[in-house]
Amino acid sequence: MTDLAAVKRALAAQRIETPSWAFGNSGTRFKVFAQEGVPRTPEEKIADAAVVHRFTGVAPTVALHIPWDKVDDYRALGEYAKSEGVAIGAINTNVFQDNDYKLGSVTNPDAGIRRKATDHLLEAIDIMDQTGSRDLKLWFSDGINYPGQDDLRLRQDRLHAALQEAYDRLGDDQRFLLEYKLFEPAFYATDIPDWGTSYAHCVELGEKATVCIDTGHHAPGTNIEFIVAFLLRQGKLGAFDFNSRFYADDDLMAGAADPFQLFRIMYEIVRGGALDPSYGINFMLDQCHNIEAKIPAIIRSVLNIQEATAKALLVDRDALFQAQAEGDVLEANAVLMDAYNTDVRPILAEVRADAGLDPDPVRAYKASGYQEKIVAERVGGEQAGWGA
Amino acid sequence: MTDLAAVKRALAAQRIETPSWAFGNSGTRFKVFAQEGVPRTPEEKIADAAVVHRFTGVAPTVALHIPWDKVDDYRALGEYAKSEGVAIGAINTNVFQDNDYKLGSVTNPDAGIRRKATDHLLEAIDIMDQTGSRDLKLWFSDGINYPGQDDLRLRQDRLHAALQEAYDRLGDDQRFLLEYKLFEPAFYATDIPDWGTSYAHCVELGEKATVCIDTGHHAPGTNIEFIVAFLLRQGKLGAFDFNSRFYADDDLMAGAADPFQLFRIMYEIVRGGALDPSYGINFMLDQCHNIEAKIPAIIRSVLNIQEATAKALLVDRDALFQAQAEGDVLEANAVLMDAYNTDVRPILAEVRADAGLDPDPVRAYKASGYQEKIVAERVGGEQAGWGA
Amino acid sequence: MTDLAAVKRALAAQRIETPSWAFGNSGTRFKVFAQEGVPRTPEEKIADAAVVHRFTGVAPTVALHIPWDKVDDYRALGEYAKSEGVAIGAINTNVFQDNDYKLGSVTNPDAGIRRKATDHLLEAIDIMDQTGSRDLKLWFSDGINYPGQDDLRLRQDRLHAALQEAYDRLGDDQRFLLEYKLFEPAFYATDIPDWGTSYAHCVELGEKATVCIDTGHHAPGTNIEFIVAFLLRQGKLGAFDFNSRFYADDDLMAGAADPFQLFRIMYEIVRGGALDPSYGINFMLDQCHNIEAKIPAIIRSVLNIQEATAKALLVDRDALFQAQAEGDVLEANAVLMDAYNTDVRPILAEVRADAGLDPDPVRAYKASGYQEKIVAERVGGEQAGWGA
Amino acid sequence: MTDLAAVKRALAAQRIETPSWAFGNSGTRFKVFAQEGVPRTPEEKIADAAVVHRFTGVAPTVALHIPWDKVDDYRALGEYAKSEGVAIGAINTNVFQDNDYKLGSVTNPDAGIRRKATDHLLEAIDIMDQTGSRDLKLWFSDGINYPGQDDLRLRQDRLHAALQEAYDRLGDDQRFLLEYKLFEPAFYATDIPDWGTSYAHCVELGEKATVCIDTGHHAPGTNIEFIVAFLLRQGKLGAFDFNSRFYADDDLMAGAADPFQLFRIMYEIVRGGALDPSYGINFMLDQCHNIEAKIPAIIRSVLNIQEATAKALLVDRDALFQAQAEGDVLEANAVLMDAYNTDVRPILAEVRADAGLDPDPVRAYKASGYQEKIVAERVGGEQAGWGA
């Protein structure tokens, strides 16, 4: 039998990190659709992230993207965040938006460009020292578009060298979250295309290097929850970038495309004892939804993850393990589906009410007038980020 | 036995259309890498296309993209093209780069936006009247990102209405090339996602509507040459957009990712008697390669298509049909592979020499000094198109 | 607002056809795992199907597979079915399990084998005359394994000829359900690989030819509900073969792999007014689950379809259409998801109770002793079908 | 410049291992098509393998499959092989064709079945001691069909335990080749689904455990040559199972579906210095082509690999590395393609002539009368293997 009080406690303790860049404009290669009221400065992004936390109660940190969120004084930025009720989370590097990186950053055939890219990684760790961030998220767009364009193996050597240099610079309480991605923007070979590559590099680097799973970065048909279970077994799962996709890296709202998959992922987290913040996994959103309003879309994503988590917590694990041990395929599947088919919105409404929050965060946000306020106030200026 | 003289005649008669936009900058959603010397005006794009024709001898037309290639006087533009040794080919519509089209163009829930988009289609036909173009290429980025976002069926009704209105406006010698695409920029449902949808609309519209196959627009595992063979049988294949891909719509150089697939496609064309320009298929390039130099990449794409075609022409069809009729799986496959495994570059060199061209167009282009000239001359100005 | 009484009436009226072959042993190419108690004769399969109907109340017909279910007297078989409380549904042809069909059946290069295969189609219609079946389901495994093995276009001509001959033999109240499948057992090109091919043939044949969608037969990433919506618009959707898959044609229990997709499919059915049996769509199961007990797996599949249907019926369509018309992406998606996230099991329990059934069919089946009975009684004998 | 004599030496030294089971009947789940003259005993399979070596000169070893090739006296079998001019190669385990393995072998929830499966692994090593085989190939079909069916993590623990026990039993000159596969026969989660999982287990086990790449076992879009390059860098690539596929694990003739991919794979082998037998990679065929004659299909597969290898050896690596270092995307790609586009059949004909072989092995096999001989002689009897 499931202990409902324990489920509620776990849900109340859950933490989801929001990404500063998801509050700004974004788009596809065909068009970036600008929205009214989007933030123009790191402070405005943090303010929006704080609003998400205010209405959900589970999103107290916001990840920054360098240089999009570059400021002169990171301690002051941290103070600002604190005043808004949130804290600065992971620092994300960006070595893909400079003309120099056309053929790669840390794996570029040009040693000077590799130096520049590696220096950016070191700079990001300097920033972490100031923000007090634990996590450095590393995503490299590096790869090649054509067979023969560059040497696959030399690029791994270059990658390792840059990672090692940055790793050696990490402080005692800092770590890597090393992302992988099948393709895009590289169209033939990506230098870290799959979890295996990220894992092998992390093992070589040491215990401060962990794998980050972006749920949109896999080949069609990949069983993501298997990767979750496997990395937990190996002690190498550091973070998630949640979003959802039907085709490629669509970067839609988490839980929108395949809520059953999200549930299966969260079940492995719960089963592996890795939900609690003390375990150390950073559950981040990483989305670039282009056509819907930013803040309510992020709120919706948080709710979707919460609902998947609630269902995962409701799985009757005693019954499940018993059916599994007996080889009762239908019963084991039925136990899992019983939790999935449960409507968990009432439970989450109670968790929110217990925390003094409105049980319906979307409705509360709409009623708050915040959207109208930012549309009115944020006129002029320019975004650092995806442009438009 | 293959008649080598006939093969050479067929190769000399082959025609490939280049796209004006492929000469300009392009990129992914992450970054558009600007190149030196890229054209800033429709005239400069046409000049570059003319260079491709000058060195290959088989690319005498260039497709335009409206509004990227909008000019006041299309007859004058046509005269300019003629003076450069080429002609204006297909007119491409663009109903995806305006803020109004965030939720769709001709399938938008808003009737006013649908009107605007449909008017653009009509305007493109007006332009065709001036350029003397036969082909109107229609690609709609229309679709939705989330289940429920809009009604799948109503969008088809709206699509049909717009297509019908434009179809009725076509002149006697004008026709539709109706493109389809699995996804991107729409991430859940695209309004014309596959050849079946395009085909069904074309059948409803009438004989002036034909399907355009973009080789990068299919689900993983799709057998494109089957679609070619099937549409030829139905008399509904109007055009190709050639490019290549490993993952999604990567828009790499034609023939770069899967030269064997390109050969199989061209074999179906040859076998269906559809290679000769008199058959009416428009063999276009449609590429957006981001990191390599534009003109030599397009020359290379033309050569790749020529090589695939030469191999297809070399297939010993008598031997093939006999092995097929006898159910000799290994021999039939061997006959096809025998042609594929042949090095056809010497034959093509002869075809070029016979036409008074340099047998090696890439080398000839490099030696011509054209690249240095445009880098020196084309300074300042701005591109209409993908930006940067 | 949703009319709950109308929802219940629609659920009570829903009809799902079970396949005789799914009650027998099945497997992969690696192994067929035999189960105890599986039926050995058409009558035993019908008896099992009748049990599924007895406990679910919505599965009153059973599809036959010829020659697996060949009997001397089909009228007697129909009488037997009637005595068990069910009726014979669609007749399925089998032109893939004879040595002659190694290189194809109706598309075989050998005219004699084509004749034999076509005769089998005609024989199946003769059987329909005796069973009173309306539907002839046609699945052709025909295709080729290697490029060049056979001529893609000639195979279409042969396919058309066979279909036309069988079509002309159809009685006034009989029709075709023409299936398509991406691959397997053909590994390079399948003769009807996608809905477009099936649709084009059906249009050529006439109104008695309709498309059958097998939910496991698509390329990765295919949006099946789009095909549903499109075929409904064209009036050419005749049937479903429900099952589920993670990778290829896995033939798992319907609704097991992607319950959200099944919901989206059923929503298009409901939205298109095509749920009621009077519309004419044959909602069939077509599964070959290998490792779990047969009858409870089929009951579970029926329940999964019922649950997806209940959720689809619960969609607040007024609210949905309004949000769609207003371009409110988040709200439109939220309205759809609100229905999906509802736990519909209580509603279905009421529908069953109203019909005098046990509200929990799986539990009721387990309690019935039927499984123990067939295990005890069905000893010896041999199956026609998948073997083992 | 390429040293042609060195290329020929490398081609003459190349070794490809054939699989005993590929000479027997095989099929899909729909049908196993029996062929005349297929071998009925391990000796007959070895005889056929010896014929492949006789005509190609590069296939001197044959892999066995236990229990399909079980004999009382393996030393005698080895003597027989020797008398035919070949030797016994890798030993393949089979823990998927027993009813006990329905829910898994070494990962089965039942400890007794795990014991049985592990004992089979140990037995295979006993056989290796007798045959003198270096390589134990491990493929586990283990996995689950439904979410919840079994615990993903416990299955890894069980897998590790069995692997460790067998690993500890390996002799000094023996090693593991640990295969991975995305799916089939498991349809939801496979216990070793990708190279990362195999790699991680191999690293845990030690240096005698290496990864085996089956070219048909990946998710759509996977870049296999990247995996080759990466595993070579890590020193963990032990073997290939060559075959080809368009969709899933189609098991077609190597090089038939994507000859360009095979070339890219062989280029990484050549570039990594891993072609020579002394490096230790076992280049095996693992195919189950169902419709074409067995022996000539295997000869054809060997030729396809030889041709891909010859092209890989012809790559002008100095020119390639220079273009790569200079970031000349087009030139680097052109250098690689120049080798690919070369017709290498004349070179291979010379290599064969130099070795005293017929330059055209397929023609020589046809002329040899062997096929007619085995059809006449091999009447009656039964195969162990895929059945039929």
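The first chain written gets the first letter, and so on, giving A, B, C and D; residue counts start at 1 in each chain.
Throughout what follows, contacts are C-beta pairs under 8 Å (C-beta built on N, C-alpha and C of every residue); 3 or more make two chains touch, one makes a residue touch a chain.
Note that the structure is a prediction, hence the values are computed from the model and not measured.
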item: Each chain counted as touching chain C and chain D at once; value: A, B
item: Contact-richer chain pair [A-B vs A-C]; value: A-B
item: Mean-CA-position distance for chain C and chain A (Å); value: 40
item: Rounded Å distance between chain A and chain B, as computed from the means of their C-alpha atoms; value: 38
item: Interface hub residues of chain B, defined as touching at least two other chains; value: 103, 145-147, 182-183, 188, 220-221, 223, 246-247, 256, 260, 291-292, 329, 333-334
item: Chain A residues touching chain D - in the complex, by the definition given at the top; value: 103, 108-110, 145-154, 156-157, 182-183, 188-190, 193-197, 199-200, 203, 218-223, 225-226, 229-230, 232-234, 260, 264, 268, 271-272, 320-321, 324-327, 329, 332-337
item: Complex contact set, residues of chain C against chain A; value: 220-221, 223, 246-247, 256, 258-260, 291-293, 296-297, 300, 307, 329-330, 333-334, 340-343, 345, 362
item: Residues of chain C defined as touching chain D within the complex; value: 26-31, 33-34, 96-97, 99, 101-103, 141, 145-147, 182-185, 187-188, 220, 245-248, 250, 252-253, 256-257, 288-292, 386
